[in-house]
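Consider the two complexes below, in which chain A is the common component and chain B and chain C are the respective partners.
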Partner chain A sequence: MGVAYKAVQWNRQKLVYDIILLTTVVFYLFFFEGISLHLSSDLDLKGIWIRAFGSAAFILLHIILSIGPLSRLSSKFLPLLYNRRHMGVTMFTLALLHARDALAWYHDFGNLEPIVSLFVSNTHYADFVRFPFEALGGMALVILFLMAATSHDFWLTNLTAPVWKTLHMGVYLAYGLLVGHVVLGALETNPHPFLSAAVGVGFVWIVGLHLITALREAEKDGVPLFSQAIKSNIDADGFVHIGSVTDIPENRAKIAVISGERVAIFKYDGQISAISNVCQHQNGPLGEGKIVDGCITCPWHGYQYLPDSGISPPPFTEKIPTFNVKIQGDQILVNAIPNPPGTPVVPAVIGQE
Partner chain B sequence: MDSLAIAVVEWVINLVRAYAIAGLVFAILFVTLFIKQLDSGAQGWALGFRILIIPGVVAFWPMFAIRLLRGKGHPTEKTAHRLAAKQSAGAQ
Partner chain C sequence: MSNHNPQDEFFIGYLGVPPRLKRFLLTFIPVLVLGVLALAFLLPTVHFDQFNLGKRTKVPEFEGLLIGNPSPHLLVPRDGAVGTNSDFSLYLLSGTGKTSPKPAVLEQVDQWVKLKGTPFHRNHLTVIATRSAEPTEPPTSGPIQPTEGQSLGEFSLTGEIVDGKCYPGVMKPGRTKTHRSCAIRCLSGGVPPVFVVHNQAGDQLYFLLSDLDGTAVNDKVLDLVADPVQIKGEVIQYADAFILKADPATYQLL
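For the complex of A and B:
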């Protein structure tokens, strides 16, 4: 970063995103209340809202987990990715409200503190069917808290993007815990076939979508999961053959795996430059972005880098590794060893050897 | 109810509370006095930003305390290319 942090860097897109998100959530909550009272008028309102908050959080978690792989499969979903963090914080808030109300409803009586009662009222930890589903929800809530609490860009800088991403991969553990929480909790007390089918379809959707995306990404990297890896074509000078300049559209990139990571090879203004594909902000895929106003622009959040140096334009201070490039005929060759972040590299001029 | 389970759970919850209280005291001091020492992005007095990061600082306060004691700023990320570039520069 090179500019001062703000609570939220508001812009029109984020405002529209948040308005749609919050309106949909509020509509769902009241729709859930209305439907529940319509189906059974003797239900307690507090109990309905516990379920409304919990189901809203669980549905939102499915949407959040779908956005990443869907964006990998089609760029049409990128606008959803842009402000996913606000969706995550909203989901955590709903889960927290569910937990708060459930604690008050089921555990705020007797001599024990509600939080102690939550963990000791059912101690059948060795029994699958009677396993204390509340503990699963509690553990998931802790993970979701850590994610929501570290959602600001300050945390990307201070944890670094790879560590931040690893921490936020905890969402998959949280999802697993919540599936257990729902199956052993809500589905046991209310074994309606529709609810069981909905949870099952959601689980299959999440797992299937991630598997399809992983297979496609592995194919793109030349390391298919179920066949032999494609070997890099490195010449005696340590340069990797990438392909023809005609393979790359103007102001776009071709992506190749070099030195254990993806490299983005951009064509612009009759030149070729190569930089690490990894955006320093959230490690977004720079090679899937394009050159805007002379800068490589990350498709995730718009962070920019100069193609010949990997440096963000002032006042920003991000730097990413660059690669030496040369052209033989119409063939692009990229050095297998990256330069330190921000190292200026003379672009290879197309048609001039 | 299992009295041993109650004792264990109460002990763990009290431990978490002590960690969180220490973290909250540290976080308030950190966001008001020390944050600029670790991150140059924390310019000015953006109150909303400082309040927003408090829950995270409460969770990760030992990391910031160690950085302050060692006089170190925020780290740079380690990716395959950054490590390869560093290794290559070191070998030359």
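For the complex of A and C:
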């Protein structure tokens, strides 16, 4: 959390995560080359490494893009989300090695600078089938570089979470470019049904998983995509009826959409507090978190906030908006207008109107 | 950490993994890792043209007649009784990069030379990545001048234009879309273009490309490499190779 920057705030989970990640990548590359050598001794080894790095990066990108929606569908996948940034940087490194070797092997030793050759050797930019797939890979690599270079919390804080998040949503553009890169490059050269099926299944998986998750999120928010949205019922005092206190498990929250924004309403120690659902760190869903040691704890990276003020406990400094709350009978009412981040709010006490 | 109720487990990265979640991860992560590693076993087996017979050979030196057109090549007298076959083997010549042989080599065109380089061959197509050449005396026995090329007639052939250096084994695959840019660099640098045709029996036939004046077509075919192309022209038997003579403007992209 936001006290002082370190390159990586290591802990056991991150170490285990990275060991599994890097070991898998190393074994993938080792097996890829080993199987190729087993099949033939007269190999273009540079070409083998280009394919090994490229395929490893593409597979890893599919895993990275799956983690987000899977974590929305089930909290069991949250440990994969916890250190996803290291997976992203690893994927970028593999993509960079793929690009470095391809640039040197296919474009160096000629009559143009390799980087110039990459973009001007094949000039059929207006032709779908003959399109220079290398340019798509190059554009994707730039996006992945920007993401890897700004992956540290320093950039997250200084760019602000919404800007950082928007920048990092560029991964979807990068994925689209890379699907084009693979389809118009590797698949055009190698029309083997297994390769085409693998890329197709991967694409359908990523798109389908995101669609399913989006539909479920919309249903939960009361704004289903294919039916009438449920309107917030704001009373004369500006409060919205959220539901019964019995709807919320102890130390957990209910998420409600008020004026288009998600609000997390927590029940703890016989009290109710409401804060913004958006963690200041990476915009994680605080309402899917839990009160741990008296603090609302984000399910993504464990950032914590005091429920009655939206302020991180000292020495941390994060602040999020709070909402005034009251209880009528067993019904919770939350003010539709948020308080400025870090504003103390007296929790509503259950059973005491 | 307040995880006393196993039904209400909550993962916090810096505090450790709760038991039920750990059990799930101990199943899921090995399955995921094994799935990824399975692809490392499968993907190399479906490489296109990765395991062709093109290879580097270790003959470091050749003696023969250096010819400049339609593309630089060396005619090397064949040993022993050749019968009705050609007296010479034709080896294409490139530089060590995506280039033609160096000017110091090409200055010796139409002379007998001792040539040093790295040969690559695929089937009956050989290219020598030439490092140097020095004049030598013609052989005292055997043929010293190849016979003129013999026309075999007009043909319409469908195939792919490749660069004569990567295709024989420097790169695998040294053809089609992923290799297009490299082939363009090679041909624009002076590597001999070769037209690869598959006959009905599946054999690969190789044709050196020549324009109607008998000179190289490199810069005129850059836009056509790595795609199916139809060429109508005169096929000439030359040494142990074929030359396809046609106006590059008539090459048709299919």
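Definition applied: the second predicted complex is superposed on the first by the 348 of 353 C-alpha atoms of A that agree within 3 Å, B and C clash if a C-alpha of one lies under 4 Å from a C-alpha of the other, contacts with A are read in each partner's own complex, and residues count from 1 in each chain.
In this text, a residue touches a chain if its C-beta (ideal position, glycine included) is under 8 Å from a C-beta of that chain, and two chains touch if they have at least 3 such contacts.
The model shown is predicted, which means the values in this text are computed figures rather than measured ones.
Steric overlap between chain B and chain C is absent once the structures are superposed on chain A; the two fit side by side. In the superposition on chain A, the chain among chain B and chain C reaching more residues of chain A is C. In the superposition on chain A, contact of A:236 is made with neither chain B nor chain C. With chain A as the common frame, chain A serves as the apex of an angle whose CA-centre rays point to chain B and chain C; its value is 80 degrees, to a multiple of 10.
In the superposed pair of complexes, A:160 makes contact with chain B only, with no contact to chain C.
In the superposed pair of complexes, A:109 makes contact with chain C only, with no contact to chain B. Once chain A of one complex is fitted onto chain A of the other, the partner contacts of A:278 are limited to chain B, with no touch recorded for chain C.
Once chain A of one complex is fitted onto chain A of the other, the partner contacts of A:79 are limited to chain C, with no touch recorded for chain B.
In the superposition on chain A, A:126 contacts neither chain B nor chain C. When both complexes are overlaid on chain A, the residue A:152 reaches chain B alone and has no touch with chain C.
In the superposed model, A:260 makes contact with chain B only, not with chain C. For the pair chain B and chain C, the minimum alpha-carbon spacing after aligning on chain A is 7 Å. In the superposition on chain A, the residues of chain A contacted by chain B and by chain C overlap at 112, 121.
Looking at the complex, you find that chain C touches chain A at residues 1-2, 8, 10-17, 21, 24-25, 28-29, 32-33, 36-37, 39-48, 50-51, 53-56, 96-99, 169-173, 176-182, 184-186, 188-189, 227. Touching chain A in their complex are the following residues of chain B: 1-2, 5-6, 9-10, 13, 38-44, 46, 48-49, 51-53, 55-56, 58-60, 64, 74-82, 84-86, 88-89. Residues 11-14, 20, 24, 27-29, 31-32, 35-36, 39-40, 42-44, 46-48, 51-52, 55, 59, 63, 75-76, 78-79, 82-83, 105-107, 109-112, 117-118, 121-122, 130, 132-134, 184-186, 188-192, 194-195, 198, 249, 251-252, 289-293, 297, 299, 301-302 of chain A are the ones that touch chain C when the two sit in their complex. Taken in their complex, chain A has these residues touching chain B: 1-8, 112-113, 115-116, 119-121, 123, 145-146, 148-150, 152-155, 157-163, 259-261, 263, 276, 278, 280, 283, 320-321, 337-341.
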